[in-house]
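So the structure is just underneath, and the comments pick up after that.
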């Protein structure tokens, strides 16, 4: 139960350290007969690549995805899809000075406590590069969902203290600026803020929002494996995420039942809610509205300012982290959020297929 | 994959509808040789009982737990522990008027979409009574943890807009007032607020905070099954919860790396953090500090004010919910949060036992 | 991972000791809308009841099944189905003399080694009564399969050295004689044999054969979760089973490719095999032929003849087992084999629903 | 739940088709701090290589294993171990003539029924090459077990009708002859037999026996996940295996309780059984004796003699299979049986670590 697997019917197993031979993922449970090629994966991977703006590390990661199994003549075979990205730009020497030090805000100390030792080169398994497997698998899930008319889109809702007002969210704009912020005005302020922090050897956090369109009602399991519970786990499992909320989230705590309940209405013969405080989920099951959730991302812990810490020999010392690091993890985490959302929804859509006996009989008879 | 199971090594399966024959849980994976009796369970169940104050429903639920298996001569046997609570106070008639209506904020509509029909009596499986199985199993997990010196304690941090300031949290006081609020001053205001809302046929939400003391470092799996990710799923799977955050949570999003990183220091020969913005978890693995997280609870959807809705025949109508309902779900949810926290930590403690080869060899040789 | 769960999509968790409060099962994953009542369960349970002939123990076990959840107005709800059988005929005193002794052929010693102690009353969790949960759940699975035209039927193929020749198998006769043997001539010899062994304080084994009719091709997963591999696990998990084979089984080892390969032919527009050495499975996936497998059942270990053994204090001694025991476990195990077969096939049928993308799209669009 | 994963705590996911980019495995759950290098894997892989004698296909498969993750400075890190073997000798043209034909005894037809189409080149996922992932992971498990003094050894017990008598089993000899037969006399006859069948365009089956030494008592879970049940699934999931038995297996069915029960005795202060009809497992839990089981392997279905069959367009036809095939699968399957045994035992050893509360407390306190 070492936990590098995610999902139950659409199940992935990721692997890889930042400075080992490579990283990748095995997708077990993708149905047969779906079109898939390496470009489908690469488009997603390119979105998490560093070095694309002043706000992310200047490291160059080639990150070319190869599909080694599970696809034949352009279609998935129903067998496991193995995707491999070999590590190329590995400058191990950059990290030699911190091999024994516990970087504050990082998993160095906890890895040592758990495993007795760790791969100190670039964070090893706890590096941001770990998300390569998630994103590659998420690309497969996104392709799956697209065929069903379902789409997950994430963007930055806030950078540091600068938040996009709900009514100004412009998803198209988010795709065009290096911070992935969903509003030009907020972008102006946030980019100055981020630049100043970076120059001062400091870093910033932010909030990522994600919407899922095209969901039919009925998806999610009613008790432990609620759609929102599974999304929470999926998103909170991303490195720097410290909070998750669905719909009105924490704001709902100070609301009242009369305000927070979404009335049902009939529109064009369909049952719809006239508001969406619930964020598209009731009782853990999708209600047919847009699903909307947010993730709180902490500031990058790798900063060049000196910090107090201890080393493996239990000596107090200080640490200055050199090397190439993102002053902001939010822009590169946006596609990771989308990937995890797609993986979660795909799995629960498949799980839902056995919910009704009449539908199973239709399927087989 | 119907999702009424939770945990992987310490695994529970809950069952039961609010108006069926009963509710219960099977705990599979509790180790042999642990003292356990029905009182251990009952103490927890009694804390989630309704009818204990003006702020919770006047329904009387006997909720007597019986242990039917897995315990022999006062000790667990290592075999599944089946705990059953029979339903006694079932007034099905109260619900007959809403059999066809979709209550706003409830899972009526989504259950119908998923399963084709539903048990309309008192919410069936989506009733708050579903938590009986969680709490009974959580009592077993809490007993397990206690033997290791680990303890989870939850309390209300906020009711509606009234929030207990961090520096005023008084856990002992929380155990003594009917709102489980951790501060007498906040209690005064919040109780007036809750009383007024209830009188107006409305309801309130709030925030539950939970601390876990006694954790050793190294617990949690580093990728998908991070301790905070598993806690997030556990807590978000509780009926009315809409948000989850660990440590500084959403506040971390507007912080900076310098502020948010917790420095490591040596104290009495131990590695400790001089602050705890992380909430006791780094890279998904416990760091030895206190674990602290919060859950946002939405206002009870069952309110007596009239609301707009539709029925199963797709006719627009309105609905007035009679019957006995909590104007506030927070006080009764506190023990559910504790239970889910205990279940999560127990499972991850067990999973961690295979992390190191030298320790496995010590175990067997 | 304590292992009292079986299945992945159609998942059961059994519980209970022979002399605890009761035994039962939670079925999680049964689809909504299937007719189900307590009689469906009872019919199966009655077939495993003791005291029905001279060949099984004279113990009287009432074994009345109650459904406590998951069924509403005669139909399954899609929520967990909890089935409970309370223990009534418990004469603990019968077992007091063997509390410290390790019965040869039983799990007394291995339980003590694993758990540090054990419920010595009647075998506890390793008692034959453990199968009550399996059979109750198997009855639900059999109902599920019946609606799809699939049926599993088991019978005794051999008792001790007396084997029913393949060409003489008479399933109807098997349902009518106390040994469940599928041939009257073999029954005559076997019943004399069994009677003599019982009189001599000894016991007999046998072979159970099971056929599954109505399978469509395509069921089973191609690598680890092959239909025959899952059946093997299911059947080998039954207490006294020491061997499993599918189709020609061990005979295939001494056959040749030319003899053993089943030619494909067209019959009435359908692809059929003109022989069935494979037993209805190719590459782990059903091929549309009848599935046929066999289980080897060891002789009942509880015999009244004196035997050499040791006790918990590591003293050599001898043991004479009194009490009421089956001289033959085969007749009562027949329904357990059917139950396990039904559970396995149901689970794999459900799992197969996500094998093709076009069918998933048809399902949802 | 596509089924390319095996194990629960020590969990592997295999992938790869015979003519895709490669094959491999991800091992998730190997503890940290164990020595491991590519040679450990290669030694196992080399034993399943073809082209090593007249009795196996003349195909040359390079099959060089690369470890891409999970090992740092010669030790496992506790993170997933990805092992990749690239496909090199791929002559797709050999298979073009059978792209539409259903080979008798193969999974061509069942794959088409399940997935709608299949990779017809060399069997795709149902090829014998699928075992590469199993064997590579099995090498890791064998290394794990070796450190605990546990060893699994398999050999051919029979080829066609020629069986090694129990008292003549010579494990050392089995490692030296191309049929892996455990007795020189049986080898003489069996090699003539196999040679004649191959010359006649036919093929042979056989029986593989496996012994596991060094097991301590207490391993295995008592109900569904019995050690013998898990071994049965593991072994029956290997391509050509049609039967499994533990200890006396099918012979136990015609034995009596008095003969079959193994008496317990004290030897040198240890509890031992004076015979081992049980095969080292009682009630699904290891009893400290040698574990011994057998697998029945069917004759290779790929034979060059002409056979009747049908094609994808449902036309009757005949088929002659050219290309390079093993006239005997047994010799190459021996290491696969060892690998699956090692994987099963490793997983259950890990699962057993949470069986007792006192041992968990010792571990943590």
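All chains are identified by letter, namely A, B, C and D, in their written order; residue positions are counted from 1 within each chain.
Here is the rule we go by: a residue touches a chain if its C-beta (ideal position, glycine included) is under 8 Å from a C-beta of that chain, and two chains touch if they have at least 3 such contacts.
Keep in mind the model is a prediction, meaning the values are calculated, not measured.
Between chain B and chain C, the least number of touch steps comes to 1. At the interface between chain C and chain D, two copies of one sequence, more than half of the residue numbers in use are shared by both copies. With respect to chain C, maximal separation of chain centres occurs for A (centres as means of Cα atoms). Set side by side, A-C and A-D show the greater C-beta contact count at A-D. Centroids built from CA atoms put chain C at 45 Å from chain A.
Annotation: 25 Å between the Cα-based centres of chain C and chain D. If each chain is reduced to the centroid of its CA atoms, chain A and chain D end up 38 Å from each other. Among the residues of chain A, those in touch with two or more other chains are 1-5, 8-9, 14, 29, 32-33, 78-79, 114-116, 125, 216, 222, 351, 354-356, 358. Those residues of chain B that touch chain C in the shared complex are 1-5, 8-9, 11, 13-17, 20-24, 26, 28-30, 32-33, 66-72, 75, 77-82, 84, 86, 114-119, 124-125. Residue ranges of chain B in contact with chain A, taken from their complex: 1-6, 8-9, 14, 102, 104-107, 109-111, 113-116, 125-126, 130, 158, 160-161, 197, 202-207, 216-226, 228-237, 239, 242-250, 252-266, 269, 271, 273-274, 278-279, 281-288, 296-303, 305, 307-310, 314-316, 351-352, 354-356, 358.
Touching chain D in their complex are the following residues of chain B: 1, 8-10, 29, 31-34, 76, 78-79, 144, 147-149, 216, 222, 349-351, 353-361, 363-365.
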